[in-house]
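Look for chain A in each of the two complexes below; its partner is chain B in the first and chain C in the second.
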Partner chain A sequence: MDTIEQTVKSFILDSFLPGADPNQLEADTPLITGGILDSLATVQLAVFLEQHFKVEIAAHETGTENLDSLALIGAFVRSKLAA
Partner chain B sequence: MAMYLLEQGITPLVIEKETFPRYHIGESMTGEAGNLLRALGLEDLLVRNAHPRKQGVNVVARNGNSWWVPVMKRNDEHQLEPAQTWQVRRSDFDRDMMAETIRRGAKWISGRAMQVRRSGDGTVTGAQVKCDDGSTVEVESEVLVDASGQFTWLAHQGVTSAKNPGRYDKQIAIFSQVRNTIRGEGWDGKDRSKHPDNTYIFYADQYHWAWFIPLDDDVVSVGVVSPSSYFSSKGESREEFLRRELAELNPDMTRRLKDLTLIEEARAIPNYSYHITEFTGKGWMCIGDTHRFIDPIFSFGLYVSMKEAQFAAPAIKRYLAGEGRDLPNPFIDHMRRMEGAIDHLQDLIDGFWGASTSFAYLVNNPRTREQLIDLFAGRIYDVTPESHPAILELRALAEKARNSGVLWGEDRRGSGFLAASA
Partner chain C sequence: MAAPVTATIPGRGGLAAAPSHAAVDRWAEARSMAVLAFQLLLVALVLKGLRIENPVFHDTIVPLAFGGAVVHHWLPAAWRPWFFVTLSIVGYGLVFGTTGTLWFLGLSAVVITWLHLPIAYSIRLVGWLLLAAGLGWARAGNLPVPWTGAIWPVFGSIFFMRAIIYLYDLRHQKGPTNWRMALSYFFMVPGVAFPFFPMVDYGVFRRTYYDKPAFGIYQTGVHWIVRGVTHLVVYRAIYQYFTLAPAEVNTGAELVQYLLANFGLYLRVSGQYHVITGMLHLFGFRLPETHRFFYVAASMPDLWRRINIYWKDFMQKAFYMPVFFPLMKKRGEVFAIVVATSVTIVATWFLHSWQWFWLLGRFLFSGTDMLFWLLLGAMLTLAALHERTAGRVRPGSPEARTWQHQVRQGVKAVALFAFMASLWGFWTASSVAEGLNLFAIDSWDLRATGLVLVTALLIGGSAGWTDRVRPPGHESLVPPTAWKTVASALPLMALWAAGTPRVGQRLPTVAREVARDLRVAELNARDAAQLQRGYYEELVGVNRFNGELWNLYVQKSADWPRLQDLGGLRKTNDMLRVELNPFLGLMFHGHPFRTNQWGMRDQEYTQVPSPGTWRVAVLGPSYVMGDGVPDGHTFEALIEGRLNRERPVAGPTRWEFLNFGVSEYSPISNLIILENGRVASFKPNAILLVGHGADLMTTDHVLWGINNSAITHDYLKRAVDSVGAVKGLPRTELLRRLRPLERQIVVETFRRIKAIGDSIGAPVFWVYVPTPMQKPTEERERAIVEVAREAGLPVIDMRGLFAGMDEPSLVVADWDRHPNAEGHRLIAERLYQELLTHAQYLGGPQNAAGSPTRP
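Showing the complex of A and B:
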């Protein structure tokens, strides 16, 4: 798992899954559609991504197409950093 | 409207069909609505009558997640600082406003405007009025202002452009009042989100939500808004529907409503959303609900009516002084300005219904939170995407929702009209 994915994984585990087995959260584990992130958690995750990685995430980009797995999040943040 | 005209040195004649006090919906004010009343010198009246002091709005999802928007004002340095506004029982508030209007010098007729009068070139020149004593009078006017609210009198008279359905016209609002509720839990004088006079918005699903607006120390206005088809499918009376929905729609609301005895008749307003794009002309203009109403969710109705009146009064004064008399629409600049501002409200509401989670991201993101607080307060006039980039994010949210079929209808902002008229 890349650095971005690892950072996000740590944030999710610490914030929303305290005590969970880290191995259960894999790169393609569905976060929103799988019920790990509810609406409030999704908001908190998007704000974290914006502030931690110093990228600007528009509201319409905070849907499942970008945030539903660690792999999607990693690709999304990398695309933002490259822009 | 009359008070603003009086401030401009114009003595208006008010034609009022209502006898006050009478029930009216639209009880919650935005932050800027409170400021308008202060500027009119009405704060003492509101305080004396003990209207609830709204500190902000809590929006609560069915799963208990919530977000909070405080009432904040801009100080002289353009910094946000805490402020408060009011919730008003409209039967009392409107009675007091009418009395104050007359006290300040407005003339009035108790009666009903029946028929608009126009000259050969279409200029509105007055109205035929049936007075409450049974007589009929012809009232001549230099400017006739339609402030009839959702009755949209000038639209019914064929003076405005067509009254088209708004995006939320398939909705119905059913409302009443209750007592004995849980309010302000944990209010310690510091955390304003827990103040007992705040508004709550409880939502269940898209287009399906309820309001909770304190009207005094005991009584709370409650209403449920849903698609009309959902209401029809239940086969219930308005009261049955309202009482069941209040009990089921959102667990936090259920908990707060300990007694579902309705102390007012359960009233309904179906198909409340509409849009009239040409709402001023030679000798006439519409303000507030008389030309556009989007959705009641964020309580902009009363504020927009008052704010448009504030803008209209000097425009009318200039017209009476001769400005624009030779133009087909002397108030077109005013109309465009008002339409552009309400477009921002359309963006705000569309953004919320298009993607509530993404909307909550804008509200809670430090990058955009102040802009959202401004919009919620009603600081929407002469605002641009340059000064408030979050507006563009709201539009993008709505566009994405429309394209994916999540949001009803086509883009109903007024920008198309503005471009066509430019």
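Showing the complex of A and C:
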């Protein structure tokens, strides 16, 4: 798992799944469709991504297409950083 | 056992992720496909056997889609989406016909082209709104259009509901349009059979296309179809056995039953959505689940996340996030939650009404509906604010696995279920007053307490357990195995088998009755009229919201099948030819068609009547049986119901009209069921022999007897011998010889019928019942009445019953001239009045004239 995914994974484990087994959260574990991230948590994650990676995220980018798994989040942040 | 097919590039544009065959062991792949095809075959048989959900689905779309899915897999990746689009359009063609499909595609082309014109997005959006307004004006019936009204619900569902998501994504789209995926999204094949369609997210639709090994996706699809059918069968059980009309709610137990059943009816939506998304999986669209254990949600936001998940995602994407995200940064979380939740609820309320409009042709603006959404919105906002401060235990966290958490979840789930069932019951009431009146019960008894306790135990017990068994998103990580799918389908297969004659005849009566009832999707119309239908019940029942579409659904599927084509009749191998099978549960010509254990198209009766009961045996042909009308809407059933309600004749404590009518029965058939003791075994007090102009045309029946060497009656033998009508002669010659004998054969048949009636103490009276748009000549009508009189039968003559009426509106369809429900109602109305003047046939005294014959 890349650094971005590892960072986001730590954030999700600390913020939303305290005490959970890190091995259970895999790169393709569904976060939004799997019920781990609700709307409020999704926004908190988006704010975290903005602040930590210094990227700007629009409201329409906070859906499952970008944030539903660690793999998707990693790809999304990388595309933002590259832009 | 399913061989994984390597996904090449798990791309985000959809097509790139389609499986490559190059890297796959072809033998293993073929074996996996064989296993899948076998399952699809079983599922197709179950769907057809259980008649899920309408004929066009199980007879046309299922074979098309299942067969297509197998072919689809073997195609080169680039061809697959185009194949899917073509297959889908073929599906539309099979349902709408050539002209309807051309109109549908033409209208679709207008909308799709407009959405992609190289002009500013805002202009395209305004243009789309104007199109919606213009076509909406036509949908409401204000503008004549050259296309069939059947296409409205499907067209509206695609281009004015699902297209909202597409429009949203179009705004943020980067790069050129992926036409293969766009057209797949608009025309996906199950859409033509399910106008009430889930709000599939276009982005998810593209992103999840073959993003996992193919056979895992397919297997999940089959599994979900099975799960959906299970929901639909449970829904049927609730519908058949537990629903009550609001007016029937008087006690606590009835209130609890009403609320539970009403809330339970939502299973039809979850069932349909599982079937739809399961079918899409077969083409590689690995969509997320649409519902997840929603009855055991433990809080309002939890319910919002579990019930109709696609709608929640749609709202979150299009309304909640665009409001919440900027507001939170400017005004803080609390303000953002309150405003964004309010906007979401208002949008949900309006768009539900908008959806209702395209399906039903009118908007939904009722007091109960507004109050429902207002209350739901308030509760959701408060619960979201509470969750913000108190936090929530998420699936996968260690706390979620503790027994303390599971107990808490159980208690909360019971409380929420009670609240939602009550709110749902209120929502489905026709007015606020009726909704409130539901709860004004007279008493609370032990049964009510028992029902509450059992429900609480079931809901509470499952609440903490369900997520452990199947955590959210589980199936996207671990697809089910074929064995698991087949195991979960076993109850459905057992139910299907119980409905087949070979297995059914070995089962006890109760089991056969249950199997029969669960094979019928719809309530009979009498019950349906009494039941207060809720929002979703109105929308998912296409036969209720769009008659034209429903006609297409039933007509196109099997070309207006005959009852014998559906297994409704069994051959007797004698002159009777056929009789109705017992325990039938069919959809016949668009309506539920049930028979009782005795093979009558009627409710259950004991063979021996209870003391004080006055029984009338009703004999006649197809329209007596009720071809083309729902259960309980035959004229004899209406008369029986009215007699028992109004009790107009002193004497009997109860009236029972037993329907012995069967398709194709002639006077000779009626004589046979009197001779063989079938009628007598039910101890009737009178026999109502229904007559029609066609009664004189017995030649076909006699001809059948000659050709099958089945004539045993002496008078028929003599008649046939007298003209030398023997097997082997050309049909035209036989007809020429037999036709002059029709009158004498019918007279003798009637005489014998009368004699048998007299001998068993059940006087026969003959009623001439005309049918709309089937006018025998006046001469023929007069002739049959004279024949009945000549045979010594008392006559009730209802000639001219439909004179001056709009007869085309009283028949089942243009191509089927049997009287429809209104036609039966008119027959019942007139015959009821006639019977009151001939009260001796109802167990009362004779009329003043002392004669049952109308002067």
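Definition applied: the second predicted complex is superposed on the first by the 83 of 83 C-alpha atoms of A that agree within 3 Å, B and C clash if a C-alpha of one lies under 4 Å from a C-alpha of the other, contacts with A are read in each partner's own complex, and residues count from 1 in each chain.
Note that in this section a contact is a pair of C-beta atoms (placed from the backbone, for glycine too) under 8 Å apart; a residue touches a chain by one contact, two chains touch by 3 or more.
Since the structure is predicted, the reported quantities are computational estimates derived from the model, not experimental observations.
*Asks:* Is A:6 touching anything from chain B or chain C once the two structures are fitted on A? First, second, both or neither.
*Replies:* Neither partner.
*Asks:* According to the stated criteria, A:56 is in contact with first (chain B), second (chain C), both, or neither; which is it?
*Replies:* first
*Asks:* Just checking: does A:20 make contact with chain B only, chain C only, both, or neither of them? Give me first, second, both or neither.
*Replies:* Only chain C; A:20 stays clear of chain B.
*Asks:* With the two complexes superposed on chain A, say which partner A:30 touches: chain B (first), chain C (second), both, or neither.
*Replies:* second
*Asks:* Quick one: classify A:43 as touching chain B (first), chain C (second), both or neither.
*Replies:* both
*Asks:* Decide which partner touches more residues of chain A, taking chain B and chain C as the two options.
*Replies:* C
*Asks:* Which chain A residues lie in the overlap of the chain B contact set and the chain C contact set?
*Replies:* Correct list for chain A: 38-40, 42-43, 46-47, 58-60, 62-63.
*Asks:* Tell me, which parts of chain C touch chain A in their complex?
*Replies:* 12, 168, 171-172, 201, 203-204, 207, 288-289, 292, 301, 305, 309, 313, 316-317, 320-322, 324-326, 328, 333, 337, 384, 387-388, 392, 394-399, 471-473, 476-477
*Asks:* Considering the complex alone, what residue numbers of chain B touch chain A?
*Replies:* Within the complex, chain B touches chain A at residues 61, 63, 65, 351, 355-362, 364-368, 390, 393-394, 396-397, 399-400.
*Asks:* Applying the document's contact rule, which stretches of chain A touch chain C when the two form their complex?
*Replies:* Residues 16-21, 24-26, 28-30, 32-36, 38-40, 42-43, 46-47, 58-65, 75 of chain A touch chain C in their complex.
*Asks:* Which stretch or stretches of chain A touch chain B in the complex?
*Replies:* 38-40, 42-44, 46-47, 50-51, 56, 58-60, 62-63
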